[in-house]
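This report concerns only the one structure given below.
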Amino acid sequence: MQEEKETARIEAFSDGVFAIAITLLVLEIKVPSHEKVLEHGLAYSLFALWPAFLAFFTSFTTILVIWVHHHLIFTQVRKTSPPLFYWNGLLLLVVTFVPFPTGLLAEYLLNPEARVATSLYTGNFLAISVAFHGLWRYVSKSEGLATSTISSKRGVAARITRDYRLAPLLYLAAFGVSFISEIAGISTCLLLAFIYALRGQPTKEAG
Amino acid sequence: MQEEKETARIEAFSDGVFAIAITLLVLEIKVPSHEKVLEHGLAYSLFALWPAFLAFFTSFTTILVIWVHHHLIFTQVRKTSPPLFYWNGLLLLVVTFVPFPTGLLAEYLLNPEARVATSLYTGNFLAISVAFHGLWRYVSKSEGLATSTISSKRGVAARITRDYRLAPLLYLAAFGVSFISEIAGISTCLLLAFIYALRGQPTKEAG
Amino acid sequence: MQEEKETARIEAFSDGVFAIAITLLVLEIKVPSHEKVLEHGLAYSLFALWPAFLAFFTSFTTILVIWVHHHLIFTQVRKTSPPLFYWNGLLLLVVTFVPFPTGLLAEYLLNPEARVATSLYTGNFLAISVAFHGLWRYVSKSEGLATSTISSKRGVAARITRDYRLAPLLYLAAFGVSFISEIAGISTCLLLAFIYALRGQPTKEAG
Amino acid sequence: MQEEKETARIEAFSDGVFAIAITLLVLEIKVPSHEKVLEHGLAYSLFALWPAFLAFFTSFTTILVIWVHHHLIFTQVRKTSPPLFYWNGLLLLVVTFVPFPTGLLAEYLLNPEARVATSLYTGNFLAISVAFHGLWRYVSKSEGLATSTISSKRGVAARITRDYRLAPLLYLAAFGVSFISEIAGISTCLLLAFIYALRGQPTKEAG
């Protein structure tokens, strides 16, 4: 009982952090200044904010998918341990950081130096995929931490293992692509978020 | 049991997002600058912020009503599914966006280009009403997802169906009105929030 | 059961709003600009922020006490109703607004027009005390809404009735005092927060 | 039962405040201005933000550890009381304040007056360690407040007593060190956070 409660509190705290991080993203879309509106008009000034909207949408989708996968992992965890706490803390660190590269991309995607902003953005997501991989690797290797079903080669646990082993490679690809084309790098991140959204549904197993 | 817990976590996460979005709104009311206060006085400068107060009040009321209706929908849902998650995610996306048009309206309602700001504002609420309609349509059409009472032609479910089918039309009207008069468009949104507040009370059925 | 759950959700949402509002207050303390630091030094620039620290401390204490009293009220409520929801919504509206007058006071307490900022600040707390009074009045007058103990002339309920009837008068006094002396008005609000902190302890009754 | 619920609500509210404070930290990392990027390039401008990243990382780690220790304390508390509420309120006050010195350090660590910013930063953590010490001292000295196990000279409670008695001295050392070297002062805070992370694991006792 005590141990179940412990996991519940980690999950609730992490959920709180995800909910706040996802809602703070909108603060990175800045209302256009009166100078810009006087010069170009409000409609055009809003249209020119499309990098901010794209960054907002991509980060929102990714954090939502992170929330789903975090929950998926914790359906497999029975008790807590110090390393579980550290891995989870690392994951929270890189997720709470997301609003900064989101704001940076919103500001500098149309700048000659867009490459730097985009590589920090895709690099942040790469770091998240590594943290997820590490968290899951620890959970699945630790005896007595996971629920009984995790040891089986089939079911949710085996699917997570396959998916999370691939994720850092896929995000490394997105990171690499962002050096060739900024838009392609961001699009890859968005595509990956949609793919992992499909693969993050816990109820699928019921079928 | 597992399935009930699943809905609980979606509801808790969504509630967190609504609570944060509603509390962030106040950050869109900017303290007047010292230059403006020197020129016009503080009392006048605060009075001149009335578009910010109106936008704050309208968005606050609307998000509060969204929270009530979100809960109302989930009283009718017994288990989760991938499409439920996507519809809910779409709803959260358009709700977390609200602080941006709120800040835009606060800044540009007294500007010659107020129409653009107002149409984004009412358009955001239109998008929310469409997301609500889609979420509820999915819930009510899916077999085995909703509670048993939903199939009946009377009661909460039937009332929700009627109300949510109408909502996109009413918000489309508000969107249209905002092209004739900005204040009329915003007032329509405020009026609709009050009407849906009255129709969102789950305990009414008990009478 | 269903009704208990309903109150739990209102309480959880309100708690979320209080937790966010209390944590957002710190954003109203602005890091001093490099120009000011160059001219006066960093230590002096921080010292000159004392109105921001005072406003932060007073608002923090007040919102913490609001949280305690909100909980105290809901220990007496057994089920929800539409008017309960509206009164609670009004309370949340005036509480989420607090960061704005807090930021205004931080900026303008040392300005010749400090009176305007202080009266909005104390006026905000006056509005909160009125919303509390209205919420409690509705709860205590409604049959079937409150727990059985509320009808007795003694105990928690009777103490709340006495305390909340007085609160709007006391905050009206603070509002009035702020027109004579800004510091005295704010100090009165701080003093009232401490007094209501002492009177908001639910466990006292156990003695 | 009623008393257990009371502690649950204090814990949930405090958890909410910690989750928000930890997620707001990222807002103190400011996107570099276009002027700075034009002059130095985006990559260099980001590199020059290292004080902001260091402050973010140190504050994040510390608040995460505060969350763990707060939970550790409350595993030992059976019921609430007015003084428990005040000590907890004091702790929340100094924790919600953290984003301000974090932003100050981010802005002024490379300034000639860095000492002032660093001493406020380490001083904030010193205040937190004093609040923790006071909270725990009250809990462990109060009869009937703590769980039965707390009276024993061994186990979690005795370890907490030893650790928390030392904490204010260690943070006073960090505060002192920051007057000799800013980086050494911040590093000491970071080191202390890691040490207390190791000592904050409730499940260690199970071994």
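Labels A, B, C and D are assigned to the chains in the order they are written; within every chain, residues are numbered from 1.
Heads up, the rule we're going with is that contacts are C-beta pairs under 8 Å (C-beta built on N, C-alpha and C of every residue); 3 or more make two chains touch, one makes a residue touch a chain.
Remember, predicted model here, so these are calculated numbers, not experimental data.
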Numbering shared by both copies at the subunit C-subunit B contact, with half separating same from different: different
Turn needed to bring subunit A onto subunit B - CA fit, degrees, nearest 5: 90
Taking each chain's C-alpha mean as its centre, the one farthest from subunit A: C
Subunit C-subunit D separation of Cα centroids, rounded to whole Å: 26
Distance between the centres, which are taken as Cα means, of subunit D and subunit B, whole angstrom: 36
Residues within subunit A bordering two or more other chains: 12, 16, 20, 24, 27
Every chain pair meeting the contact rule: A-B, A-D, B-C, C-D
Interface residues, subunit C side, partner subunit D - complex: 12, 15-16, 18-20, 22-27, 29, 31, 34, 37, 41-43, 46, 56-57, 60-61, 64, 67-68, 71, 197-198, 201-204
Interface residues, subunit A side, partner subunit D - complex: 3, 6, 9, 12-13, 16-17, 20-21, 24, 27, 79-82, 85-86, 89, 92-93, 96-100, 103-104, 107-108, 111, 113, 116-117, 120
